[in-house]
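Right, I'll just put the structure down here and ask away after.
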Amino acid sequence: MSKFDEIKHQVYQWNLELSRQGLVIYTFGNVSGIDRKEGIIAIKPSGVAYDLLKPDDIVIVDLEGKVIEGSLNPSSDTKTHLVLYNHFLEIGGVSHTHSTYAVAWAQAAKPIPIFGTTHADHLHLDIPCTEFMTKKMIQGDYEVETGSQILKTFQNISYEVIEMVLVAGHGPFTWGKTPEKAVYNSKVLEELAKMALFTLQINPQASRLDEALIQKHYQRKHGAGAYYGQIPSSK
Amino acid sequence: MSKFDEIKHQVYQWNLELSRQGLVIYTFGNVSGIDRKEGIIAIKPSGVAYDLLKPDDIVIVDLEGKVIEGSLNPSSDTKTHLVLYNHFLEIGGVSHTHSTYAVAWAQAAKPIPIFGTTHADHLHLDIPCTEFMTKKMIQGDYEVETGSQILKTFQNISYEVIEMVLVAGHGPFTWGKTPEKAVYNSKVLEELAKMALFTLQINPQASRLDEALIQKHYQRKHGAGAYYGQIPSSK
Amino acid sequence: MSKFDEIKHQVYQWNLELSRQGLVIYTFGNVSGIDRKEGIIAIKPSGVAYDLLKPDDIVIVDLEGKVIEGSLNPSSDTKTHLVLYNHFLEIGGVSHTHSTYAVAWAQAAKPIPIFGTTHADHLHLDIPCTEFMTKKMIQGDYEVETGSQILKTFQNISYEVIEMVLVAGHGPFTWGKTPEKAVYNSKVLEELAKMALFTLQINPQASRLDEALIQKHYQRKHGAGAYYGQIPSSK
Amino acid sequence: MSKFDEIKHQVYQWNLELSRQGLVIYTFGNVSGIDRKEGIIAIKPSGVAYDLLKPDDIVIVDLEGKVIEGSLNPSSDTKTHLVLYNHFLEIGGVSHTHSTYAVAWAQAAKPIPIFGTTHADHLHLDIPCTEFMTKKMIQGDYEVETGSQILKTFQNISYEVIEMVLVAGHGPFTWGKTPEKAVYNSKVLEELAKMALFTLQINPQASRLDEALIQKHYQRKHGAGAYYGQIPSSK
C-alpha cells in the first residue's frame, strides 16, 4: 500500500485509454497526472508496452524529476511533462502520443487550420505547431528544451483555452485539468487532424471558418453564457 | 413509468447506434424522434458521452422546445431538429453527426457529386451543401438559423427524396421516416463521402453519373415500379 | 427440409463473410452459388440486411431467373449473376460488393494498374473496367445488359484467369470456382484498389510492374510448374 | 513430440500476430525464426491462411532449404529468408508482409523519408528501397535473387541498425534478433509508411528531419548512453 496508489491507478487507466482509442501502438505515448499538494506526478514507465503495463509500474517523481516511488525508469519524456506542469499551473494531466494524423501535421510542420465547428467546439485558434528546435536545444537538455519550445509557442496563447500543441518534427502534446481531459484532447486532436487533411484534399482553397462562427461555437460551450452540456463547472 | 418510455428507449438505442457504426466519438452527435400525436420529440441530452448514456437521460421537449420530461438539458442542437420537424412534416427522426468524411466535405463547402450507383441507389442529386451563414444569422438565434439555412437549401428539393444535407463549415444532418432511417442515412452519407473523395483522387476529371443511370438505380429502388427489396411500403 | 439446404447454407455463410471482411454495409452486396447439375443458383434475397439474414432467406432460382424455392425476392442483381453463370461455364460462385476503394476506381472509370507482386500473385493484367453503358442498355433489360457489358470486356480476356471486373460507375463483380473463391476475390480486389491508389499518391509516375516479374509471380502460383501453396488443384 | 516443438510454437505465434496487427489478409505474409545451433529455421507453410494455421504446420528446413520436419511445403519465400539468415549473422527472425502502405511505397519504388522522431526512434536513415530486379534475376533463382537484391542495398548500411527494407515492386521484409522483433518492425514500418504519405499530402515540401534531431532520438534509445526503456540489453 502506498499513498500514491490512487493516482497511480488513475494514470494507469488513462494510459490504457490511449491504446483503446487507437492513438498508440506499442510504447508510442505516455500519460501523466499531478498531485500538486504532494508535489508529485505519476507517469508511465519508459518503454513498457500498453498490454504489459500494470498499475504498480506507474512511476512517482517529484517536480524536479527525482523518482519518489517505483522500480522502473519514468518515461523519457518526463522532463517535458514537468516543464508543462511547472508553467501551466492549472493543469492536472498531460498526454503525449504519436497518433498518425497529428504526427503527420507535426512532421509537415504546419498548424492545423480551423476549418469547421468541430474544431471551434474545442478551441478558437488553429492548433499551434512549434518551430523546429535549434541544434543547440537538441544537443542540450533535450526534453526540457522540448517543453521550452512549447512554452515559447504559448507566449501569447492561453494554455487554459488551447490545450494542445504539435511539436514540429515530433508529434502532439495535450493537457487538461485532469489526465482524462488530456487524453480526451489527444483523441479530439487526432480527429481534427484527419478532418483538416481531408478538407484540403477536397478543396485546397478551403477557407478558415468565419470568426463569428468560431466564436459562436466556442462560446456556447466554453463562454460565460455557455448552454452546451450539463454542469457549467465541467465544461 | 412514463408514457414516453417507449420513444425514449427507441431514441436511446439509435443514439447508441451512431457510436456502434463509428460515426461519432464522445458527444459528437445526436439523434431525435418525434411523436406527432403527442406533439413531442425525444432527443439526446447535451454533452453526455455515448458510453454513459441511459434511456432515462433522453429528454422530452414539445415542438416549441420546452422540456416536458427529463432532468438533463436537451442537445444544444435541439432547435435545429425542431425546425426540421416543423417544416418537413412527414419525417419521424433526425440524426446529426460529425462523421469524418462528411464533415470534410462540409468544411470544404462542396456538395458531394453523384459519381456512382451507390449514391443513385439512395438519392438522384448531389448531396446538397448549404451556403455559409451570415454573421447576422450566427449572432442571432443560431440553432434556429441553422435550420432555416437547411430549409433554404431545400426550397426546390424534396426533403422526402433527399434525406441529407451538409451544413457548410459544420457537418451533416440527415432525417427519415424513423430515427432508424435517419441514422441509416448518416452511415450511407459517410460512405458516399469517402467514395467521392477517393474517386476524385483517382481521377480528378471523374464525371457525374449519366442521368439515365441515376434514374435507373433510383427508380428501381424508389420509383412506382420499384423491384428492389421486399416490401414496397418500406422502401 | 429441402434438397437445396446445403447450397443455401453455404451461400448464406459467404454472404455473411462479406460483412465480416468489411466489404459491405447494410445491404450493399450479394453472393450467389450455382449447382450446375440441378440447374439452379442460390442467391441473397434483395434488400435484406446482413445482420438479419437467415439461411432460409436464400432464394433458389433457375438459370432463366424463375424462383424455384424461397418466399423472398432474389437480389435485384440476379440477372447479372445469371449472365455470368451462363457464359462463364466453369465458375461456381459470384460476388458483388460496393466496397469503398473498388467502387472509387469504378466511379473513376479506370482499370486498376498492376503495380506490384500482390496484384501479380492473383492476376497478370490490370483489373479491367467496363465502358459506361449506353442509354439504350440502361433503359433496356438493365441487369442483363450489365452482364453483357462484362462479357464484352472479357472478349479477349480469360474469365478463368481474371476473376474480377469493375463495372464503370457502379462497382466490382468477382467470381471463382466456388462462392468462397468469389468472396476471396472481392477482398483481394479491395486491397489491390487501396494499394494502387496509395502508390499513385506517393508517385504519380509509378510504372507498371515489369512483365517478367508479373509472369514470375503469376506463374509460380498459377502456372504449370507452380510451387506456391500445398495442393496444385486448389490454386 | 519433436525437439523443434518450441521454435515451431514460437514461430506459429508470431505468424498469427501479423494477422492480429492487421498487417496481413489471407496468406499475405510469413514469419520465420532460426535456431543457429541446430542449423535450422522454422517457417510458415506456403499458402495456408492464418485462421487455419496450426503450430504443427510450421515447417523446419535446414540452411540450404531442405525440409527437415513437416508435411507441408515451406513458404515460397523461404529462400529469401535463408539468404538473410546466411548473411545477416546476428538476426534471429524474419518477417515478410504485404501491408498496405509499406507495399504502396515499394510499388512507388521510393525509400520512405525520415520526417520525424517516430522514425528516428527506430532508425536514423530513410527506409531503403531496393532497385528493381533485372529480367535475368527474375528469371533465374528468383527468391534467392530477391535476397541478393536486399544484400546489395545493404552494402553500405548496417543490417543491425536498419532492420527493414522495401523490395521494389513487391513489399517489405523486416528482421531482428527474434521473430518477435521482426514482427514489431513490420508494424512500425507500416505506421511510418502511413505517416510519411500523410506528411507529404499536407506539405509536399516537407523537409527531412534535421540530422541533430535524428541522432538525438536514435541515440537516446539505441546509443551508448541510451536512457529510453528499462533494460539496456533489450533495446
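The chains carry the letters A, B, C and D, assigned in the order they are written, with residues numbered from 1 in each.
As a working rule, a contact is a pair of C-beta atoms (placed from the backbone, for glycine too) under 8 Å apart; a residue touches a chain by one contact, two chains touch by 3 or more.
Fair warning: this is a prediction, and the values are worked out from it, not measured in the lab.
For the touching copies chain C and chain D, the fraction of interface residue numbers used by both falls below half; the interface is of the different-residue type. Between chain A and chain B, the superposing rotation on Cα atoms measures out at 90°, rounded to the nearest 5.
Computed from the mean C-alpha positions, the centre of chain C lies at a distance of 33 Å from the centre of chain D.
With centres set at the average Cα position, the gap from chain A to chain C is 46 Å.
Contact of a single residue of chain B with at least two other chains is seen at positions 201. The residues of chain A lying in touch with chain B in their complex are 115-118, 184, 187-188, 191, 194-196, 198-199, 201-203, 206-207, 209-210, 212-213, 216, 220-221, 227-230.
Residues 25-28, 45-48, 72-73, 76, 98, 100-101, 103-110, 132-133, 135, 138-139, 142, 169-171, 197, 200-201 of chain D touch chain C in their complex.
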